[in-house]
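Let me begin by handing over the structure; questions about it come next.
Per-chain numbering from 1; labels A, B, C, D and E assigned in written order.
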Amino acid sequence: MSLFKEFFKGFYDENPVFRLALGLCPALAVSNSVQNAVGMGAAATFVLLCSNFIVSLIRKGVPKKIRIPIYIVVIATFVTIVDLAMAGFAPDLHKSLGIFVPLIVVNCVILGRAEAFAGKNNVLYSLFDGLGMGIGFTLALTVVGVVRELLGDGKLWGIPIMGANFEPVLLFILPPGAFLTLGLFLGLFNWIDSRMKK
Amino acid sequence: MFKKLSFRGGVHPPEKKELSENKPIEKMPPPSMVIIPVIQHIGAPAEPCVEVGESVKVGQKIAEPKAFVSVPSHASISGTVKSIDKMAHPVGGKVLSIVIEGDGNDDMLPDIKQIPDYMQQSVEEMRDRIKQAGIAGMGGAAFPTHVKLSPPAGKPIDKLILNGAECEPYLTSDARLMLEHPNEIIEGMKIFMKILDCHDAYIGIENNKPEAIRIFQKLAKEAGNNFQVIGLNVKYPQGAEKQLIKAITNRDVPAGGLPMDVGCLVQNVGTAKAVYEAVSSNKPFYERVVSVTGEGIQETKNVLVRVGTTFGELIEFCGGLKDDALKIINGGPMMGIAQFAMDVPVIKGTSGIVVLSEKQSKLPAPQPCIGCARCVDSCPMSLMPNYLAALVEHKRFDDAHKNGVLDCIECGCCSYVCPSKIRHVHLFKFGKLEVNKKLKSAA
Amino acid sequence: MENKLFVSSSPHITDKESIPKIMYGVTLSLVPAFIGAIYFFGIQSLWVVLVGVLSAVATEGVIQKLMKKPITITDGSAILTGVLLAFNVPAEVPLWIPAVGSMFAIAVGKIPFGGLGYNPMNPALLGRAFLLASWPTHMTIFKTAPTGGTLSGIDAITNATPLNVYRQAKDAIANQATLPAENVQEAYNAMSQLSDSYWNLFTGKIGGCLGETSVLLLLIGAVYLIYKRYISLKIPLSYIVTVALLTWIFGGTEGLFSGDPIFHVLSGGLMLGAFYMATDMVTSPVTYKGRIYFGIGCGILTVVIRLVGGYPEGVSYSILLMNLTVPLIDRYTKPKIFGEVKQK
Amino acid sequence: MKEILKLGGILMLITAIAGGALSMVNSITKPKIELQKRLALERALLKALPTADSDAIIPVETNGQKYYKGYESPDTTGLVGYAFVAKGKGYSSEIETMVGIDTTGAITGTSILHQVETPGLGTKIEEVTYGEEKPWFQQQFMDRTWEELKLDKDGGDINSITGATISSRAVTSSIREGLKELENELGGFNN
Amino acid sequence: MEFQNLMIIAISAIFINNFVLTRFLGICPYIGVSKNLDSAVGMGFAVVFVMTLASMATWLIDTFLLRPTSSNIFYIIFNAKEPPDLLYLKTIAFILVIASLVQFVEMVIQKMSPALYRSLGIYLPLITTNCAILGVTLLNLDNAYSFIESIVHGFAAGIGFTLALLLMAGIRERLELAPIPNAMRGIPIAFIMAGLMSIAFLGFSGLKIG
């Protein structure tokens, strides 16, 4: 039951991007298309899963004082693995995500989960937490990506779907569109939240 | 280059002096009853020294000050003390007041009589007479005059300024006084100069009172070259102390400081006349000139009226209110205080009663500030009223303090010019209260 | 009688200006330029302005209704935003362009910040920047040649804005090594013809956005605004003088001090920007010095963008950029309180 | 002090483990990454010189000039043309284009290697119209020699992309200049 | 020419490709520390400082430890046949370098100038996990900048960050006094504002310097 909860909380209640306002930089930078969003989400989820696993495994043996550097090393290792693998097997994606792949290292969602969850819970829970959070992160990026790609390029997953007469709102794939879309989503979720509380 | 005699900021509201400036001062017969609050000035309240039922004469002291910064009150009609109780006060709230029911005889205290060679009295004697006469500044704030005339040793006064600006719209009591009693004003000025051992005197008069300027110029010639008449730009608040000093002497009174910090003393022309009367004939401050004016009054007048007369009786003397009268202000429309009722008394600081019609009374509801900067441009104290108002509204009193809310002189220029009709002064009064509360609890 | 007295705090009188009066006054002052636009670019100008205004007003009304806030569409500010947005697009754009632009201006640029008075940036210019970034082709193509004239002699490019011509000629002259000789010659010709077109630039018989072309008609409105004290000269003057000085110094093709300041002052959206948009009180500083710095800042950025930027014209972006600095400017130019002694 | 050493030791240990793990991963992915790089270049070269054999495009480097020679058959006989990389400053990036020409100097193919132009504007230099195979903008270059490479805006007849004249010009001009240089280098084309 | 090149790098990093507004690096401190102008100034200084130092340090690491060149220290020390290619360790190496650098700077400042420490100190730890710092070092590497170029780029990126941060802080102090709809208060309105700011910065796009 509660494993279930750990898994699903990341989808909405504790969605890292929309509710916890974590991992905002990648949510802005790589949400200009759904492909990029999903790619980044998958990469981050993999790192999250692995780092949560390792951290919860070694948590008893880690000296408190240097736990953060150790977490960073662990995370950086998995990030590098993702980076290398992506360069080798999905070069186009690797190119369009650019430096945001290595930057997963400092993605606060991952360090945050290591510190707040995996460092305190057992392996199984941590795995579910990591997976749920990762999927939540991916969902958030994808939602933003859908809006931006659809409005800004008239496409979804690279396929034109808005019809020939649609003149894309370029602003949405430009940097300002990222801020505006994410801002409006954050506001929207705040609003829904206050509505539900009522 | 000719230096413009003025200050930064200010506004030009319609003057409306024409309503009453040509009405000679009329003496109102003693009213049937007066209400005399024990505090009509800045400082400590005086304590009643008469009892209910006691009979009093005009000019008799009925409340005694117990502190230095305080002044006595005097009976303004003869009759019996009917009650001593808390009563409505034109500056707000309820204040201990002595009610005298008149006997219609108007019996004067016998020692109110011309003193021969009054200029020969010692400085101490003069100051004491001023204090005993209960004189508080008539320019608005009603600060005890004897206090202002006792500067501490390290702060000599080298410039005396008589304030005849009367920059508030509508009001004409000072203007009439200057036209009808210039000699008494000059004599009062000489008394000030003697007390302060000061040799430079100025009288500042706005250029919209050319007649008064002419009269004083003539007198100035007679008085000698240590007295100058200064014609001031017509701009509100030209009569505000710091702005007047700036315009005439180009000195800046430091923020939070006093005129004496820059060697100046400002006295209202009415105060000068009252001082003359006190020193020359021992006359206590029990009557003053009040302009009763505005679109809501039947007959505008400048009235010499006993302190303590109720607004109602004075207004009745001026023919009563018009049907559409809705707002009665103690003082001018820029700084005066709107009254809830007409049973409040005229006090020492009441320079005018302005009655506004219904159409003029209701102000439009405030809208958001659009940053038009009019308030910033018009603030004579160089504050940022728009920002201060927002800070007070959000209860950020510390920030309001840092941004100078205490320096606001409440002149109302900002609210006057604001197209969004924001009630800055209202907010600042509240803000000052809160800041002072904090300062006190911190001290 | 007694209890009917009305009580409020001082001051008891206020001057007669109000927000609607100011907003409608500014709108009125734009009428000459509006009539000019209809004359120069045809009746389509009317539709563009109408759609801009309706969309701005409708957006504001609908959102306020949805948020259950008081509806303030009658205060005239949304109308003005709509007019100014429409003045900032070419006359022949499809009508959905001003509609969407106004919508963005109000729904993103104004309402989220709390509505009138709280928006940090000029809504109309935000709307324009949004349109420019989203549909650059619609926003930079000027199909209609103005009635009664164009740049004298440059017939081949009747519809290009003077600043576009200037930019292309300047680029061509700068890169003459790599260009065919006849192109370079053409560029030199264009340059000299620009200087011969002052009269057309002044009256507005040139290509450009709907409401920006006629210096004359805009100035007529500006004089009215100054007379009514709705704007002060601090911002427009410091802005225009800065542009004139900098373009004179750096704007030429033959080294320093060879530029043509008159051309630069008369062309593009400078007049519209300096008198009607940089002066938007909500988004400009309130302090005396601050307003001058603001004008100078706008001037510098405009010239930078005109001379080396990615666009031929820089007025909109420079005002938007300076809008961002307003809180800082206000903070650091706060007037010294009367009698205040510098502490520390 | 002892504690610091201990903690440092732990950290070192973990880092070493991480480094070791990574070097393993690296040894697996390295050839793969290099292969990808090679493939990308090869693809671009083949687009530029469609008639050449994929194993017979030979890089040539002379003083300051770098280009490729493409041959018909794997044994490097039957010269079909040349390829080179043209570089031009676009709107927001340096645009690099692989260009192929036949022996007469007429363009046989192009392929953008690198650009970071504005999405939706400058990126249209690579846009493929729905239903087409090849980017329409670059298709205009086919079979042209450098004299014919001029944008409509500059008096030529290559349609520039609306709203992206700068990117269009960057591609066109860089190819023209590159071709001129190559012609000098080769001492003229045979036509 | 060299100077002009550095100018281009600097202007580009500050205005055209502003770290925050167009590259989306350093968003968290940009949103988190922009509520108040004084702390924004502190954070800005700290970031400029650390970015410059980090650019320096990582360039050295990159050139002498990771890159397979003849100046590779391992190559020199171990006399290896071929210089080792350790570039795949860049992420882990850089993040450790930055973390230790921040620690070190913190210690030095604390010793040297307690006053400076008081104003910057609280921001330094925040910087370790700031992607802008790691980002600038990775970009230096991607663009193959020289030592001087890296330093200029790091410094300018910090200035660009600080510029955006200060503008934002000024505006947010003012927004404190605005009746922003409840749902939009805080982070959402900050993002909208960032978007509008980013629109204004489009004005710098395409700037041609030099």
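We take it that a contact is a pair of C-beta atoms (placed from the backbone, for glycine too) under 8 Å apart; a residue touches a chain by one contact, two chains touch by 3 or more.
Just so it is clear, the structure is predicted and the values come from calculations on it, not from any experiment.
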Chains in simultaneous contact with subunit C and subunit D:
A, E
Maximum centroid distance from subunit A, chain identifier (CA atoms)
B
Taking each chain's centre as the average of its Cα atoms, which chain lies closest to the overall Cα centroid?
C
Relative to subunit E, which chain has the most distant C-alpha mean position?
B
For subunit A paired with subunit B, centre-to-centre distance based on mean C-alpha positions, whole Å:
70
Averaging over Cα atoms per chain, report the distance between subunit A and subunit D in Å.
32
Once you find the CA centre of subunit B and the CA centre of subunit C, what distance in Å lies between them?
49
Could you tell me which residues belong to subunit A and also touch two or more other chains?
69, 73, 76-77, 80, 84, 168, 170-171, 174, 176, 180, 187
Indicate the residues of subunit D shared as contacts by at least two other chains.
15, 18, 22, 25-26, 30, 91, 118, 121, 166
Shared-contact residues (touching 2 or more other chains) in subunit B
368
Can you name every pair of chains that touch?
A-C, A-D, A-E, B-C, B-E, C-D, C-E, D-E
Subunit C residues touching subunit E - in the complex, by the definition given at the top
67, 108-109, 111-115, 118, 120-121, 126, 129-130, 133, 301, 304-305, 308-311, 314, 316-318, 320-321, 323-328, 331
Seen from subunit E, its contact residues with subunit C in the complex are 37, 166-167, 170-171, 173-175, 178-181, 184, 189, 192-193, 195-197, 199-209
Residue numbers on subunit A that touch subunit E, as the complex places them:
21, 24-25, 28-29, 69, 72-73, 76-77, 79-80, 83-84, 98-99, 102-103, 105-108, 111, 171, 174-180, 182-184, 186-188, 190-191, 194
Subunit D-facing residues of subunit A, complex
32, 63, 65-66, 69-70, 73-74, 76-77, 80-81, 84-85, 87-89, 91, 152-153, 160, 168, 170, 173-174
Report the residues of subunit B in contact with subunit C in the complex, numbered from low to high.
8, 11, 13-14, 169, 242, 246, 252-257, 321, 326-329, 333-343, 354, 356, 358, 360-364, 367-374, 376-377, 380-384, 386-387, 403-404, 407, 410, 412, 415-421, 423, 425-426, 429
